[in-house]
Amino acid sequence: MSTASYGAEAKPRVGFFTDTTVCIGCKACEVACKEWNLIPSGGLEWTGESYDNTSQLDANTWRHVAFIEQPKPLRVDADGADPPDGQPEPLRWLMESDVCKHCTHAGCLDACPTGALFRTEFGTVVVQEDVCNGCGYCVPACPFGVIDRRDLPRSPQDAPLALPLLGTKEDGRVWKCTLCYDRLKGGHEPACAKACPTDSIQFGELDELRERAQKRLAKLEGEGWNGARLYGDDPGDGVGGFGAFFLLLDEPEVYGLPPDPVVPTRHLARLWRTTALAAAGLLAGVALAFAGGAE
Amino acid sequence: MTTASYYGRNIVKQPVWKSEIPLYFWTGGIAGASAVLHGLARLRGNEALAKRALFVGAVADVASPLLLVKDLGRPERFLNMFRMFKVTSPMSVGSWILLASGGASSTAAALELLGILAPVRRAAEIVSFAAGPPLATYTGALVANTSIPVWSEARDQLPWLFGASATATAGAAAAVVTPVQFAGPARRAAVAGAVAEGLVMREMRRRLGFVGEVYDQGAAGRHARIARACTTLGAGLLALAGRRPAPAKTGGLLMLGGGLALRFAVFRAGFQSARDPRYTVVPQKERLRARESG
Amino acid sequence: MPGLGTSFGRGGATTNQQDLANSDCIVIMGSNMAENHPVGFQWVMEARERGAEVIHVDPRFTRTSAVATRHVGIRAGSDIVFLGGIVNYILTNEKWFDDYVRRYTNAPVIVHEEFVDAEDNGGLFSGWDSDRRKYDVTTWQYAGVEVHGAAGQREQGFKGSHVKGHAAHGAHGGGMSSGNPPERDETLQHPRCIFQILKRHYARYTAEVVAETCGCSVAEFEAVAETLCRNSGRDRTSAFAYAVGWTQHTVGVQYIRTASIVQLLLGNIGRPGGGIMALRGHASIQGSTDIPTLYDILPGYLEMPHTERYDGLDDYIDRSSAERGWWGNAGSYMVSLLKAWWGSAATPDNDFAFGYLPRIDDDHSVYWTVEQMLAGTVKGYIIAGENPAVGSANGKAQRLALAKLDWLVVRDLVEIESASFWSDGPEIESGELRTEEIATEVFFLPAASHVEKEGSFTNTQRLLQWHFKAVEPKEDCRSELWFYYHLGRKIRERLAGSTDPRDRPILDLTWEYPTSGVLQEPSAEAVLAEINGSDSDGKPLGSYKELKPDGSTSCGCWIYCGVYTDGVNQAARRKPRWEQAPVAPEWGWAWPANRRLIYNRASADPNGKPWSERKRYVWWDGRKKKWIGDDVPDFDEQKPPDYTPDGDAKGPDAISGSHPFIMQADGLGWIYVPQGLEDGPLPTHYEPHESPFRNRLYEQQSNPARQTTDLAEDPYSPPGSPVYPYVVTTYRLTEHHTAGGMTRFLDYLAELQPAMFVEVHPGLARERDLRHGDWATIVSPRAAIEARVLVTERMRPLHVDGRTVHQVGLPYHWGTRGRTTGDAANDLAHMALDSNVHIQEVKALTCDIRPGRRPRGAALPKFVRDLRERAGAR
Amino acid sequence: MKALPLLRDWPLVRQLAEGDALGLGKAAQSQRSKQLKPRIATADSVTPSICPYCAVGCAQLAYVKDGKVIQIEGDPASPISRGRLCPKGAASKSLHDGPAREYAVKYRRPYGTEWEDLSLDDAMDMIVDRIVRTRDAHWQDATPDGNPARRTLAIGNLGGATLDNEENYLMKKLLSALGIVQVENQARI
């Protein structure tokens, strides 16, 4: 990833460090995000999945708080035993506010054919609603299943379609967290980070956040937090490190996150080679068909 | 196999594409391979075959963009496809290829019909000939360049699979519309394509391991079985009785159906593969374990 | 807030939310702070990050438990046993803060020789009158203190109070009757000294009894007690945080009292990182007690005059002021209030219009009012910003009562259930009410939102904060300020010229407030100025110390005097936190006198030195000859630590220089409360009004002084009834607010908790065949409601009296209207009340739970009735 | 000549011209994105407020444009909330302008089955009537046993916890002067 193309306009790369060990699952981030970005409300489906009724990140949910109830102790002492003092069977309730990872190498960004998705001067990945034509290629390209197409009935005041015959009745564009691009441009922190009551969502310059996260992890390990780990802080990972990374208390998949995400385009060169070979193969194959005579 | 997940919810999203897309994979394949068939036929003086391949390709080429635009969330913005050229995006590259191929083949076909501007037509034919093979194969790269396990893990086979199927269906199409005495190369191409397709498919399934099991399940399984049956039967007919019009037509049509079913099999497999978090988690965990163990 | 009021002198949180960050241990009990006060909870997390212990003692494992360092599950309604166990632990293990206890509390005081403790009397204190179900508190008094009025006349509670210092409401400092100072034993050895009585009273609250009654393990309990003691003392302080999980019980006030005793014994009051944080659920619930929308008090906790007492103002003042302590000036507060209300019409000759005040003689609380509605004696009702049809206990009784009214005015932002009960209430569906047979005339008036009006909220830490008007309210929307002002104006116009004496008070009322704009909105700031008070020249006063009993000053609420100092709206101050010290004295204005952490004299030792460097806050500066520190001293600034009043000193002068609790007549923290409470001087465990268990500590099952109704609409389940075998507790979720009027109608909040649900443990689910995600019916003697089943390990079963008891958890936000609708949990609740504050017991009831949806139509009341009859519930 | 600037605006051209060959960065940026500004930067005024939900007392800032509230968020200056809000506080703009908000007086006559329209003035006058009438009809100068009472027990008022101190003050003052004692609050503590 690079903001090089911005030259002097380039800003230090910013992002989120979401520390789940202080998350109280209040969902202020979800609401603050929707209020600021004027996102349509989701459905009213009660899932029974602990206190989570938004279920996942999608076109209308750019912050999602996951709730996991586990028969595990929150902390363990040195020899890994449960805390003493006759606590009943261990129980912990993990909460995590998920968000777009603003990857260093972003599958959605690479896949986008129109340039609707782009790398901003802040190093974040943003969809331009005035450009996106809803081809949907970014949706399966994202290793985290973040970006999604919004399917909403068009309202009367929407601009008439240029090609009514081919027109759809839906918004039809893709949406995801913009890391509040407009707020950043105005020097304000993203709505979710600003609202977060316990500072579980921390916004800042990525380098500084990564240092802070390392210190935090060391402290938690010292305090015996069970399963504390950083997720997405490593620039060497399959997406070149996340712009929005996390401190988790269990395996990523427990939170619905991929354990080893890789940006699809990491294999692109090889893929293009294969495609070229296949094309050549096709040519050769048909040529052979003529070898047996032209008629 | 039980793996941890978040209430069994999918990690990667299922595509939002509808059936226009597999349909396009099919038409695009036919268009691309037909251009090649047409070009070589021209070179070898098989005018009957050349003409027909040209028209088949042109029709497929014209149908393709319509299908793609139809599937857009904002069709009125289809021109944004040409806002940039992005090598990182098979869809961007593909759009330009399709533009070239479609433009060229339809021009060539039109001039062929009118019988005018031979030099221009020839130039157009060359362009469409050149654009044909990539058009027929890039769609494999398109689906492989995603996070859908059953697609991305097959990145070494999908372009071949689509190329082979393109050859098979283009050959079949030509075999259907061309008098049998001129359709030899088309039949041979079709049969060769079918054989290749079968081999690639087997290889792909072998490489995919348990991730590939979706090709035996649900809609993907059904389409895969239909594809195999139709293609095998059709190819058989063409190979053994292709010199007689009726079997030739039947075989060709069967193979066209088989090719279409194959695209739907691959397409549906992607959805099923995305839906179950196991296909995302297990391979990634194995990858991690492998890395840790050195 | 009698719990805090009688113990320390003021009915407000002793500390502020930010100060929790200075705690070494925070015990959250009777509160789900992380869910219901998320932003305040940031300070608890800050403390945890600094290494503090965060202990959550609660029937449920909540979002608070999830981030606490320890959660202990106890049975709803057993908190006094747990806290009493801690008192016992402190005393038997000699963990109390000796200097603090001896010098700052009434532990050494000797009690009346006829006092009989509940320990020796089956759970009843001496003075119980079983006919009137009330206590005669004569024998609770200090020895050597002459009791005012004959014992026979001495009554508390519904019949108002003879007891000095507003003991009836007890929301603040206890007074002390005239006579000799009480006898003391500084060695704490005298058998009748409070310290010894305390020891005996809690001797039976052993760890084993706690475990068996509360359902936790002995180890869990001892870990909490040990942690709390380890983090209290000279160098360390611990804080308690509670909310309605403590107050909403028939013995609620005594829950808070028990915590007060613990905090006094450990020396945690008046010190940074210590105290008791009362967490309120509404923007201005503290304010609506200070400037009361309560029947029995006037602004500033002055007592409402009573029909059977007070010949005149002097008598009222004599009876309601204490001779020692700040209540000695009650006369100045009362006269200044009367001047604020009746201005020039209030003269020395007419008792400053004291006679204009209406008088009370009974419980006139909200639940009593509902009973009167059902009886048909209350004809008209105005509801402003509340939703009793969903939010009050026994929703059916509430709605049936509304249906008996002649007229009803409802003011709210949206059409709440209390306004629409006649068209879509549950009783319409069940056929118990028919729309065309309901005579009630209903006026729905749309209210103004918080950004459409200006005014002050008093938050949970006694802090007044001003909110400004951003935009004009649309169409018919108006503020309550507009409504009550113009209502008064129109009534005065209507009655103008009346010669009927009953109309004098309204016609003589000072009711001239400047209005502005097309809407003629009255000036909130002008009202604030009147509340603050002014001298005879109309100059704003700076402090309640300036108030006079001669009519030369006026003041609408003496404890708020100073909020308009120098004519400047102090509540509107918003000096950024980064421009001032952590205590932030220039942000808003806190009563009293902008003190942020009250009783802070106690942060220094008797000689005025900080107990420790680590916990220094306010101390005596020998050179400057005054108290200084991080906060406004909650003490006479010039009074040296060694000051000792002479025998006949009165008012504030009678408080010694080493007695920090200046609102108390004796300046001491009250471990034992001789007067001011209806149900005992020491907290004692009683089972909830409805409980599956017998009281294992005393033969007295429930709080003897609790209030109950005789309403047919309010039947009760007998103790231990097998028909209602489960404990049910109600609560809030972060995503919603109280009765839902402010959240259920909002898309962004409704989608986060889109359905009424019931939380049960897998064990209970097996026992009752409940399936996760399906429906369940929860039934009490009053009602049956349905909810989606959420099976979770977080609802831990408890082992009580050798058997397993399951608790059923119900959020109470839902009603028949809004984006998300559902049955109202409060329909299940009864109207048995705490006798001190008449608050409902919705935190511990009994119920049964069954799979499937509830019956519809007429089958519903029949279903409820059949079970009730089987249980023999009246 | 007009075509040239257009050509220069074509991202494909900028891709090559501006050294963003992959077209992932600046070349892809649209004019709209380039000129994007936060909504609050366009506000005519910013009004300090306090959250109306619980009693934590979080400070809010209400951004106003053309007489409309366009955003409500936390005020970082507050020593209590430090600019943070819970989901309810974060939704308080929806509380203010949500679709369920009522703007007109509604009247239900005795035994009525529907709401009817009523002007605010008429409503106020009718309420005045009801209060005065009920008060007169159920007035007590003294209790049955002759003690002073000076009250009516036939009218009650419920509310306060969610209101401003000034509003509660006028409420208590007015109703006390009218002799109404049941001035009560559902959430008693």
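Couple of notes before you dig in:
Should a chain be cited, it is by its letter among A, B, C and D, assigned in written order, with residues numbered from 1 in that chain.
The rule is simple: a contact is a pair of C-beta atoms (placed from the backbone, for glycine too) under 8 Å apart; a residue touches a chain by one contact, two chains touch by 3 or more.
These figures come from a predicted structure and were not determined experimentally.
Looking at which of A-B and A-D shares more C-beta pairs in contact, the answer is the pair A-B. Taking the mean of each chain's C-alpha atoms, the chain closest to the overall C-alpha centroid is D. Each chain gets a centre from the mean of its Cα atoms; for chain A and chain D, those two points are 34 Å apart.
The mean-CA centres of chain B and chain C are about 73 angstrom from one another, to the nearest whole unit. Centroid to centroid, with C-alpha atoms defining each point, chain A and chain C lie 45 Å apart. Among the residues of chain A, those touching two or more other chains are numbered 26-28, 30-31, 35, 110, 115-116, 131, 197, 199. Each of residues 38-39, 42, 734-735, 747-749, 752, 819 in chain C touches at least two other chains. Listed for chain D are residues 11, 23-24, 27-28, 72, 76, 84-87, 89, 91, 94, each touching two or more other chains. Interface residues of chain D, counted against chain A in their complex, comprise 11, 18-20, 23-30, 32-33, 36-41, 71-74, 76, 83-87, 89-91, 93-94. Residues of chain D that touch chain B in their complex: 10-12, 15, 22-24, 27-28. Of all residues in chain B, only 3-7, 9-17, 32-33, 36-37, 40-41, 44-46, 49, 66, 69-78, 80-81, 83-84, 86-92, 95, 132-134, 136-138, 140-142, 144-148, 151-152, 155-156, 159-160, 162-164, 166-167, 171, 181-182, 184-186, 188-189, 192-193, 196, 270, 274, 277, 280-281, 284-285, 287-288 touch chain A in the complex they form. Of all residues in chain C, only 34-35, 38-39, 41-42, 45, 49, 61, 63-67, 69-70, 73, 217-220, 222-223, 733-735, 747-755, 757, 772-773, 788-790, 792-794, 796, 819-820 touch chain A in the complex they form. Considering their complex, residues 47, 49, 55-56, 58, 66, 68, 107, 110-116, 131-137, 139-149, 151, 161-163, 166-168, 170-174, 251, 253-262, 264-265, 267-268, 270-272, 274-283, 285-290, 292-295 of chain A touch chain B.
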